[in-house]
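Letters are used for the chains, namely A, B and C, taken in the order the chains are written, and counting of residues starts over at 1 for each.
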Amino acid sequence: MEAILEVKYALDTFYFLVCGALVMWMAAGFTMLEAGLVRAKNTTEILTKNIALYAIACTMYLICGYNIMYGDPISSFIPGFSVFGLTDHTAELVTAGGDDAPYYSKLSDFFFQVVFVATAMSIVSGAVAERMKLWAFLTFCVVLTGFIYPVQGFWKWGGGFLNELGFLDFAGSGVVHMTGAVAALAGVLLLGARKGKYGKDGRINPIPGANLPLATLGTFILWLGWFGFNGGSELKLSDVGEANAVALIFVNTNAAAAGGVIAALITARLMFGKADLTMTLNGALAGLVAITAEPLTPSPQLALLIGAVGGMIVVFSIIALDKIKIDDPVGAISVHGSVGIWGLFAVLLSNPDATLVAQLTGIGVIFAWVFVTSLIVWGIIKLVMGLRVSEEEEEEGMDFVDCGMEAYPEFTSK
Amino acid sequence: MEAILEVKYALDTFYFLVCGALVMWMAAGFTMLEAGLVRAKNTTEILTKNIALYAIACTMYLICGYNIMYGDPISSFIPGFSVFGLTDHTAELVTAGGDDAPYYSKLSDFFFQVVFVATAMSIVSGAVAERMKLWAFLTFCVVLTGFIYPVQGFWKWGGGFLNELGFLDFAGSGVVHMTGAVAALAGVLLLGARKGKYGKDGRINPIPGANLPLATLGTFILWLGWFGFNGGSELKLSDVGEANAVALIFVNTNAAAAGGVIAALITARLMFGKADLTMTLNGALAGLVAITAEPLTPSPQLALLIGAVGGMIVVFSIIALDKIKIDDPVGAISVHGSVGIWGLFAVLLSNPDATLVAQLTGIGVIFAWVFVTSLIVWGIIKLVMGLRVSEEEEEEGMDFVDCGMEAYPEFTSK
Amino acid sequence: MEAILEVKYALDTFYFLVCGALVMWMAAGFTMLEAGLVRAKNTTEILTKNIALYAIACTMYLICGYNIMYGDPISSFIPGFSVFGLTDHTAELVTAGGDDAPYYSKLSDFFFQVVFVATAMSIVSGAVAERMKLWAFLTFCVVLTGFIYPVQGFWKWGGGFLNELGFLDFAGSGVVHMTGAVAALAGVLLLGARKGKYGKDGRINPIPGANLPLATLGTFILWLGWFGFNGGSELKLSDVGEANAVALIFVNTNAAAAGGVIAALITARLMFGKADLTMTLNGALAGLVAITAEPLTPSPQLALLIGAVGGMIVVFSIIALDKIKIDDPVGAISVHGSVGIWGLFAVLLSNPDATLVAQLTGIGVIFAWVFVTSLIVWGIIKLVMGLRVSEEEEEEGMDFVDCGMEAYPEFTSK
């Protein structure tokens, strides 16, 4: 019996690590997606930004974020206080059995959680692309990943008041995706639109991305990574019931993404008369975000529908944000924000434990917390170092200004 | 003992899900491969097509395909009849033990199977590239993934007459790869060659792909995904014999791909005097297709050889198809069709249970079924909506016609 | 009890296969990294080289390399002698238990090891890019992967004298990474710098890479693959202590890479005034190389620091090599060589079993062995077939000379 508990512990730990590696891979997905959707002259900068934000997120979460979210929220501010020493669960503790016995490595949990915070920050990156100063962005990244994200994460997943209230968010349509989108929204409001995006005559000028295969690759990477994101959030795999649950989550995640693709493709076809690739890609992501709050209780058919509604919402949300001149080059606020909210409501469709009040409260609290704190932090950064590059620099491209090198020196002719 | 059966169930389910995720990743591989091998002006369309076909395949297989292939072939046509409810195997059933006890989640099996049907459809996409109407293609996709593929899949893997006959196809050189290639062949015959491919003087004009790093990335993705494709087809991992089998399949799959690369590289060098990258990439894929019908019984050295023969065949097949003016921009018919057939014969080299008659019958039946049904469906589509864009549209590029956006707006100058 | 041993065997085998698949994926990472960092005109060649070297490495290691490294070093030279037949560990042997009982499939071990040798060879590829003849390179590949690498691998991991001496190299900062870098160094010394890299007036001319998103993708792929590289090197997962160890390795590997990114980004900013993307990417890889010699005994905080020092070293090493006119287009010698050595010393920081003498001996022995044998082999190749393309061919690009096709025919205008 003790040997079995050890094997189960090893299996659940391995499952966590595999899922975590898939979520880490999402960092590459966001990077490719965003790099494909900006213009060539801003590509090096967005690549630099994305790899740097992943590194900063991992560092800040190690230094203090994980502790705020899952540990003692006060001791974690003591400098040098580490998330954990080298002590993980002992074999004795594991094989003692009982309901309180740990069943996977603490460190595998940290690994899984750390890649989540990076995901939240990646969302911000796309929305502020093509005009925000690199170092302003990275400064914000330190605060979001080390403080803003972990605090609201604690409220839900750390066992805080949102959790006690009955707010349901299985894998983070709210805690991760809406959080990223709201932080982005606050930044975009202070930052303003890209030069030339909104004409004086009310015209909305499309600014096409430079490399659509890259954006498509990014979407496929995210789709793959999402199996880890949602599948790992079950937290356990090692018995029949849990294994079935993880399998259902994989099936539902895939079905929702498929629904999102088809719905966005058709919606865009009806509205614009063309099979709009960027809308279709955003449809896939919308389907994934929509199912993230509850990938376990729907049937696959319902998951398909939840994703499809997400795919429709994202098209209309992107159009609506453009109408009110909120300039989001990659559609991140729509994909992760508008559809994240839809996902939190969609929990009500299949999970009998969900209540409208709790979901509304959760959405409201997370929105308010993230928006206000982000606005303050973006505001301070704006005052101290400025958020936006100069007009000439924007014209010339971020790559030259911030990075001193072009992404495609031989393909574009200035 | 019951606890062990539960752990084994969890491990086998997890193994299925991991392998399934790898096969899903092959969708990205086909997309990148094909996007790299077409011209810039047709890239957005092929990206759109590939993500859409994956979504449609997943949806159709959920609605009816899986049921046709593995369930009751009549009830599955009743609209709204679902593949399964939320019921998966109960713990009681699993721990009852015995030969009939289920040992992995039904849902994980569905997940694994659904990514296979998408693979078959991805093969078609490349062969008809650069001149087929997007919506004609997607319409065919609905029928292939919802009906044509599942029917022949039932004949072999669902326990139908090909299986009873002793036809051997471990992971689908025939059921998946040849099926895709034959459906593509039927389409290409009705569609005709790309404008300018075959000169009036009998000249074959090469039409180089726009982005070879992308094509190479696609090949590596497919190579990685194939470990899941073949490795997962063992269907079980949780004891010593099964674990050894899965390990051997990984080794053989890798060896065959390596053999395919080396053989195609050398063959192309001897024939053209150059190290032809696209032939080398197709050599890797040919090696993989060749070993797919039987990755378990050969030694790694034999697997290397089986792959190498595949790598040679693909070069000659591509040349031969061009001679008879069957225009396949990415070589999909050769890779998956010609080499798929080789793979089915290669089973005879190492598996004593294989018979030439059964293999020939299997090849003939699948070929005939897929070719005839596909020809009918392509034909109907041709009559109703047309298969091919106009000459002017082909000249201008599919991207503008179908998608309204360019894949690389800043890199190409019209 | 016997059943548990079987499940553990299956789990450890599966863990090995998953980690091996991740390491195989690193081949794609190196390919994309290098293809992104060379000029457009040399891209097809480097793609061809990378897929071919992976195939050759897998073949040579199957034919003789694995046997030299882990088996009988004499019998392995007998032609046709195979690494293994189809016999893997029997269930009887596994369930007999005891300290000597095998706990994972031999074949899964082979799979894991074979992808390691390909990694070592991939390192060479980048350093000699843009001027070495393709077939000269592939000839060297045969010798390195079939002989040079396995011999020193035997000295450490096969249980040879370096291991008995107490030289510590957990996952191969020396055995894999420094080996690749030193073989590359020997080649570069005989090959010389690219035309135009070092001006007659002492100027160092930057030669920018053609496709930085590709290079960034390659870095992310390598980062992901490294979880398999280091995580799999624990060799076991199936009890509480081992599962904790693997989890810690994942966390430390990620932390070191993050540290490398941040340190390289800041160092480059201070030195050049810009956020240098290529330095940042090399910083990530440097962090990964640095932690590879000992990813298990440091705390995550120390791992972050070890990676950060690696990230600083790589910047200075790249600058220093340029000063002494050692031309390495992708920085491979610095990343894998200079930082590999740092990693081997860093073992002393956390592992009480490490001694300075043993680490110095290991570094010296591997360096001397690989350098001398590589120099001899490169020298013979130079005499027999020549290492370098002609000046006119270098000017025109390797793609035309060796491969007869352009990587981006529509994006670049000659």
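Criterion: a contact is a pair of C-beta atoms (placed from the backbone, for glycine too) under 8 Å apart; a residue touches a chain by one contact, two chains touch by 3 or more.
Computed from a prediction, not measured in an experiment: that's the story for all the values here.
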Interface residue identity across copies subunit A, subunit B - same or different by half: different
Rotation angle (°) superposing Cα atoms of subunit B on subunit C, nearest 5: 120
Chain centre separation in whole Å, for subunit B relative to subunit A (CA means): 32
Interface hub residues of subunit C, defined as touching at least two other chains: 4, 7, 11, 18, 211, 217, 408, 411
Contacting residues of subunit C [partner subunit A, same complex]: 1, 4, 7-8, 11, 15, 18, 22, 39-40, 208-213, 216-217, 219-221, 223-224, 227, 231, 237-244, 246-248, 250-251, 254-255, 257-262, 265, 272-278, 280-281, 284, 299-301, 304, 408, 411-412
Contact set on subunit C toward subunit B in their complex: 3-4, 6-7, 9-11, 13-14, 16-18, 20-21, 24-25, 27-28, 31-32, 35-36, 43-45, 47-48, 50-52, 54-56, 58-59, 62, 82-86, 88-91, 94-95, 104-108, 110-111, 114, 134-135, 211, 214, 217, 402-411
